[in-house]
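Please find the structures below.
Shared between the two complexes below is chain A, which pairs with chain B and chain C, respectively.
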Partner chain A sequence: MNLEYKVEGGDFTSAGLASSQIKKILKQLNVDPAVIKRVVIALYEAEVNIVAHAYRGVIKAQIDGGGINLTLEDEGPGIPDVEMAMTPGFSTASKAVREMGFGAGMGLPNISENADDFKIDTIVGQGTTLRIGIKFR
Partner chain B sequence: MSRTTYNRALEILDDVCIGCSHCMKVCPTEALRVSAGKAVIHADWCIDCGECYRICPNRAIRVMDDDFKQIYNYKYRVLLVPSVFFAQFEDSVPREKIYQIIGELGFTEVCAVEQSVDSLTDEVNEYVKNAQKPVISSFCPAVIRLIQVRFPSLVDHIMQLLPPIEITAQYYKNKFAKAGIPDGELGIFYLTPCIAKIAAVKSPVGGYTSPINGVINMDFFFNKVYLAYKQRLPVSGNISINGELSSKGILYPTTGGESANVEGRTLAIDGMSNVIDFLEILENEEIDGVDFLELRACDQSCAGGILSHRNRFLTAESMKKYAATAPDYHKLTLDYQRYTSAVIHMDRIEPRSMVKYDRDIDAALQKMERARELRELFPGIDCGACGAPSCEALAEDIVKGQSEINACIFLRTLYEKRGELPLEEAIKIMERIWGRTRFDKRF
Partner chain C sequence: MNLGDLCNLVEGTAVCGTGRLGDSVEYAFASDLMSDVLTIKSTDFILITGLANIQSLRTLEMSDASYMLLCRGKEVTPEMLELAEENDILIITSPYSLFRCAGILFSAGLKPLY
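Up next is the complex of A and B:
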């Protein structure tokens, strides 16, 4: 099954829509709750990153009996140093973003921890694509 | 499909039900459908919340309480009364009088069920300190069942300590046993403000068997007591009254009455849709630093229980007034320590998955995809004329072979307009949903 969601930069109040929708679907498919939790956390963090750091993006989810593959492609500034960005606690979040409760620098490490496969492709000045794979069993 | 709820706490009376579908629209788990003109419960999905009973305009849903006469199977008949019962009466009716009447109506002893709250609260704090946060209260059985069915990933947050009612029941059981009274002579009854508590007594979760022998419907019993009061039934004073209650105990079943006793950051949320909204975000792990959640299915908690007949705000107000006159601690705390432990632990609560499409994930995916395609065809009005609570639910039913595309009146009208569906066929479909005689009426 293929699903698609749009994400707008700066729209924090709508962030989490894709993860809620996908959570609902996975629950209806009786996927193990522990696995669902991992999907929701990883997807939510990635979704919020687009909202907080990029201009706009598209989330694509592909679900089959074996698992879920998520692709989050955004138009945005890109990530100059991916290794640095992956370091727990590293963040370039503005004061305004931190005041909304984001910007602890834990998003990318959290995604990586919850995903079975995780890949970042980024071009500075163009955008970032995250690929997250999580197996159901 | 059966005509009773999962734990057989409610029953739909086929001869009274007119299939009006009000219940179908309010069920939080979409466990109801209309078929052949009658409401039908998908028992596996029912969480015993009683929302269907609350809304039924035809009184076609019956509470499966126990026959009152069965109390006479026991020599000693103890009634555990929740504080919300006293608040069913106007404040001018003396509590003492209510106790006396309960005795006249057949009980040998009456006890305030929230008595065990005093000794329980310290233990709850101890538990919360060491448990996975946030701890979700185990008080409201409808919430527990909601979590089992709709939020299986959260079952481990439910506090594994039994609610006060079970401790009070244990106290009586042990006290009478120590006094040498044979097991079969003591009957413990609970006066219930809701059907969720009936379910909790009859089929408890967490590997526990309740010593409570029967459940009495509070709505029914209020009428009996009030009638006796109005008719000035003479009282003999033969009942033994154990009305000891602290203000904490009285307030416990009201919103905030439980969380107020828990240290740390706590929230009290009442009302089914509020609880569902909160559990959704909790499941996404968007909430940090909350230690304890008091979640109650009913608006105003038990003051708004389905068997509480009085306006829920007035009921809650009466309980607060009663609490203001009660002491901080009651005298029986030591007695409780003698006869029962302050807490009773239960096992982990198992999730009760809804199986929306299929147990096999590949089959489920296929069915879900088909359902999504079907949903595109439906108007999205959720009119309920198909006998399902929403277009989405109809799509699910169709892919499971439990309904048909033509059940949708919008599509059917379209097919009729195109001349693809004969009128007789359309009528037959409507009769399958709404009953055979429904379209024979002469005006």
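Up next is the complex of A and C:
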């Protein structure tokens, strides 16, 4: 199964819609709830990062019997220092983003914690692509 | 702790998901930063927060958690209500501050996660 969702930068009202829909689909597929929680937390953090830090993006989800592969590709500023961005507590979130409840600098470390495979490709001034893989068992 | 008792302790009002007032919860986590909440592995907790927006409910949805205590008399928006109802989430609002709510509930035996 292949799914695709668009995400708009700055749109905190819709942030999480894609994650919510994928959660419903995984439930229907009877995936273990503990695995679903790992998938949707990683996905939601990545989705909110597009909303909080980039201009726009596309989420692609590929689901088969063995697991789920998520690709989140955004047009945005990119990440100048990925290692620093991955450090718990590091955040460049604006005041507006913090008022929405984000900016703890926990998102990327939390994605890494929940994913079986996690890869970041980023070009400064162009955008960022996250690849997240989670096996169902 | 029984959620109905919890509601009384903080002079709270249950604004939706009232069918869950008979449930019990063992742990609580207080934060306005949702990524901090999203590190919690368990699902048996109540989120104590001052963040009155749709993302606090999305965070509970993704966490498979069902209870929120919204402090300092913050208003629940129609969008929040809709999402809470869709996910059968109990929202209790309290006029007390986050510090006061946390203090009362900790003293009454609600456990911290960390």
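Here is the rule we go by: the second predicted complex is superposed on the first by the 137 of 137 C-alpha atoms of A that agree within 3 Å, B and C clash if a C-alpha of one lies under 4 Å from a C-alpha of the other, contacts with A are read in each partner's own complex, and residues count from 1 in each chain.
Definition applied: a contact is a pair of C-beta atoms (placed from the backbone, for glycine too) under 8 Å apart; a residue touches a chain by one contact, two chains touch by 3 or more.
Here the structure is a predicted model, which means the values were calculated and not measured.
Visitor: Have a look at where A:F136 lands relative to chain B and chain C in the superposition and call it first, second, both or neither.
Guide: In the superposition, A:F136 touches chain B alone.
Visitor: Now for A:V31: first (chain B), second (chain C), both, or neither, which partner does it touch?
Guide: first
Visitor: Go through the superposed model and pick first if A:E45 touches only chain B, second if only chain C, both, or neither.
Guide: In the superposed model, A:E45 contacts chain C only, not chain B.
Visitor: Looking at A:S20, would you say it contacts chain B, chain C, both, or neither? Reply first, second, both or neither.
Guide: In the superposed model, A:S20 contacts both chain B and chain C.
Visitor: Identify the partner contact of A:M100: answer first if only chain B is touched, second if only chain C is, both if each is, neither if none is.
Guide: second
Visitor: Looking at A:N110, would you say it contacts chain B, chain C, both, or neither? Reply first, second, both or neither.
Guide: second
Visitor: Quick check on the superposed pair: does A:M86 touch chain B, chain C, both, or neither? Answer first, second, both or neither.
Guide: Neither partner.
Visitor: Do any residues of chain A touch both chain B and chain C, and if so, which are they?
Guide: 16, 19-20, 23, 33, 36-37, 40-41, 44
Visitor: Can you list the chain A residues touching chain C in their complex?
Guide: 12-13, 15-16, 19-20, 23, 33, 36-37, 40-41, 44-45, 48, 98, 100-107, 110, 113
Visitor: Considering the complex alone, what residue numbers of chain B touch chain A?
Guide: So the residues of chain B in touch with chain A come to 150, 152-153, 280, 283-286, 351, 353-357, 359, 361-362, 364-365, 368-369, 372.
Visitor: How about chain C: which of its residues touch chain A in the complex?
Guide: That would be residues 32-36, 38-39, 43, 51, 53-56, 58-59, 61-64, 79 of chain C.
Visitor: For chain A, which residues count as touching chain B in their complex?
Guide: Residues in contact with chain B: 1, 16, 19-20, 23, 25, 27-31, 33-34, 36-37, 40-41, 44, 63-65, 136.
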